[in-house]
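Next, two complexes with chain A in common: one pairs it with chain B, the other with chain C.
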Partner chain A sequence: MSRSFTTDKPGLQTCVQELPGRIGFLEQGFPLSGPFDAWSFRQANILVGNDRDTAALECQFAGPTLTLETDALVAVTGADMRPKIDGEPVPMWTTLPIRAGQTLALGPAMRGARSYIAISGGIATDPVLGSRAVFHQAGVGGHALTAGQSVPLGTPTTDVTLSQVPEAARPVISSDKRWQVEALAGPNDDWLTPETVETFFSADWAIQAKSSRTGVRLTGPEFAFSARATDKNPDHGQDPSNIIDHGYPMGAVNLAGQTPIILVNDSPSTGGFINPFTVASAAFWKLAQARPGEVLNFRRIDRDEAGRLRAHLDAMTRPEVLERV
Partner chain B sequence: MLYDALRFYPGGDRAIEIELGDGMDFTINFIVHRLVAAVRAAGIAAIEDLIPELASFQVNYDPDRISYEDLCNEIETIYAEMGRGVTGSLPSRLITIPVLYDDPETTACIAAYRKDYPDKTPDPDLVCQLNGLPDRAALRRRHSSSEYWVAALGFWPGLCSLLPLRPEARIIAPKYNPPRTDTPKGAIGIGGALTCIYPDATPGGYQLIGHTPAPTYDGAQRLPDFQDSLALFRAGDRVRFLPVGMDEYEDIKARVAEGSFRHDIIDYQIFSVDLYLDWAKEQAQAQEGKA
Partner chain C sequence: MSLQTIEAPLPGILYHKPSPDAEPFKTPGDAVAVGDTLALIEVMKSFMPVEAELAGTFKGYSAADGESIEPGAPVCEIEQA
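On to the complex of A and B.
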């Protein structure tokens, strides 16, 4: 019995992801990749007895159908994609035993955008540049799943208790299409007027349809630029939002002309536009679950609060949070 | 212009942008690379990634292992100990990139964009106009007249930012507005004062002037030059463009397709920064004399 699963239907750009992503290659232009919603990703892994950073599947908007070639434990977390095993509805956020030959099928996301499927033993594709995380657009670490593809699995740990993630420990996926996203000013907030900085933290920002793992595009009020942007060395470029090419932090709100684009897991590593604001790392998961047409409000926080959010996310994704079923 | 002191800008809770100066020139970029190498050599365990760019660099760090303030202080100390001079020498590979200027692929790409934006001047003509060049032949001569310094890599795996080392080879061009949704793999473009070679088919904004059939990125590591790395260039390499005709261009394409193509990489040379800066100064003075 080979430890693998077969892809019956691939879903919409379903990719293998792993934490911490492709560390150490940004200077050659390789993005970090990794799961967009690390909170849900880690909870899926701990439910099946894996280390929380183990390679698992990220499903986007419409999930895949998989047939297991081995007995295993699986768990589905994140956006509600109404999972079924052999046609029978099964709960999310719960350890699910599955036998060789059984089929796990996910449907369209009912609320939120991204679901995670962890399988005991983890996914055992070959790492590329130290990571199994897939950067689909450039084919680094492989591509999205295709129909018929067989995917290898690793060796599971034994003695896993069937568990669930209690509701209080799960990420809260918005039910009213609005999201409050914690963000910090900088690195390039001094290229905007103080009024525009205030506006950014008070306005409604709608997510455009052209949003993906390479960037979340926003629609909202116009930006006004400070002297640093309008009276600068011509080497920076002509547009007020142009800057001499520089590094792009993950989570940065990148301003190209008047269109803000939040840079996420598969975004460019560098470029020639300013980054006036940056989403707190522990709030990235909200960007993964917010759907086109939904509205973001940015709440200004400092580094200390960002640290408290990280500590909370860390605590919520440890095996101790699980409850036996 | 090099700043008197480093300028630190936090990029969220896991990154810092550190600016060394204001301008796209070799001297600032060289100091960026020296400082990044010194920070790397210091072995600060909490640092996850370092991204050297033209006049700045980005540090990604684990904030649960070092604070923002402590990391800034450590980098300031390293900068102070490094000294300010731009001196020394370093091994620098010289890579020759064959190029067909005004090739069919980029010509078609420009034409496709101009269907939607008919007012856009075709890229090579726009670059000629903005740089006082009488015709495309003069653009080809100027663009291939210099060695280029690989100042940074980024935006996409293997995408290089090239600065011309010969001062009079400097060519400037605005970026597309709006950007192209697609660019042929291997296209050669100019944006700001930089040349780039598109490693793959990607969106883009540089003005396209030619095309190389020689890959600068090989995700499948099929070609012999990519056994150790998916991307051809490293910061600190030098690049020379060799104009080729259609016959040689097609021949290289065929050798790439069959997997036998080898890049022309010279790696026995040491690049002397002091000698280079003296030479560049003389060149610039001679140019002023002519003007």
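On to the complex of A and C.
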């Protein structure tokens, strides 16, 4: 019995992801990649007895169908993709025993956008530059699953308790198509007028369908620029949003002309546009689960609060949160 | 002959045309063959084709061009041959 699964239907860009991602190559243009919603990802892993950062599958908008070639434990978390084993509906956020030859099928995302499938032992594809995380567009660490593909699994831990994530510990996927996203002003907020900075934190920002793991593109009010942007050394470039090439932080709200693009897991690490705001890393999971046409409202926080949110996310993704079923 | 509703396989933005200036994939009365593209759904910078899984006569789109669509929502109707 080989420890693997076979991909019957690949879903839409279903990719292997792992934490902490591909660390150390930003200056050569390799993004970190890794799971977009790390909260759901880690909870899937702990449900099957894996270390929470173990390689697992990220499913986007439409899930895959997989046949297990070995007995295993699986767990599905994140967006509601109505998982079934051999055609029978099974609960999410729960350890599910599955036997060799059985099929796990996920459908389209009914709420949220990204689901995670963890399998006991984890996914054992070959690491590239130190990580199994897939940067699909460039084929770094592999590509999205394809039909017929066999994917190797690692060695599971024994004595796993069948558990579930209690509702209070799960990320709350918005049911009203609105998301409150915590963000900090800076690093380049002084390139905008103070009024525009206020507007950013009060306006509705609609998510464009052109959003992906590279960037979340937003539609909203116009930006007005301060003298810093309009009366600058020509070396910065012609557009008010141009700046001499600089490093982009993860979560940067990157302003290209009048279109804000939030730079996320597979984003470029440098460029010549300003980043007036930065989304807190603990709010990335919301960007991962928000769908085209849904609305973001940004709540202004400071670094201390960003740290507290991060600590909360960390606490919610430890094995201690699980309850036995 | 029976009227069949084709449902959206995933959430996104529905398009009746391959590009903004093009003609719609189908207009009412057109013949539909298995595998024909009926519409596109845009998500993650990708355009996923909605393909016919049955043959018949195209009766019309059930959601507007450029509209946000949920999985399972009707895309169009086909009178099965």
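Operating definition for what follows: the second predicted complex is superposed on the first by the 325 of 325 C-alpha atoms of A that agree within 3 Å, B and C clash if a C-alpha of one lies under 4 Å from a C-alpha of the other, contacts with A are read in each partner's own complex, and residues count from 1 in each chain.
Please note the rule applied: a residue touches a chain if its C-beta (ideal position, glycine included) is under 8 Å from a C-beta of that chain, and two chains touch if they have at least 3 such contacts.
None of these values were measured; they are calculated from a predicted model.
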Name the contact category of A:216: first (chain B only), second (chain C only), both, or neither. neither
After lining up the shared chain so the two structures overlap, which partner does A:108 touch, if you call chain B first and chain C second: first, second, both or neither? second
With the two complexes superposed on chain A, say which partner A:322 touches: chain B (first), chain C (second), both, or neither. neither
On the A-aligned overlay, A:12 touches which partner chain: chain B = first, chain C = second, or both, or neither? second
Is chain A touched at more residues by chain B or by chain C? B
Would you sort A:24 into first (chain B), second (chain C), both or neither based on which partner it touches? first
Could you say whether A:287 touches chain B, chain C, both of them, or neither, answering first, second, both or neither? neither
With the two complexes superposed on chain A, say which partner A:184 touches: chain B (first), chain C (second), both, or neither. first
Across the complex, what residues on chain A touch chain C? 12-13, 60-62, 107-110, 113, 209-213, 291-293
Where on chain C is chain A touching in the complex? 8-13, 42-46, 48, 68, 70-72
Given the complex, residues on chain B that touch chain A span 1, 9-17, 19, 22-24, 48-58, 60, 63-64, 68, 152-159, 161, 174-175, 177, 191-194, 199-200, 219-220, 229-231, 234-235
Write out the stretch or stretches of chain A touching chain B in their complex. 20, 23-30, 129, 135, 138-140, 183-184, 186-188, 232-233, 235, 237-239, 242, 244-252, 257, 268-272, 275, 278-282, 303, 306-307, 310
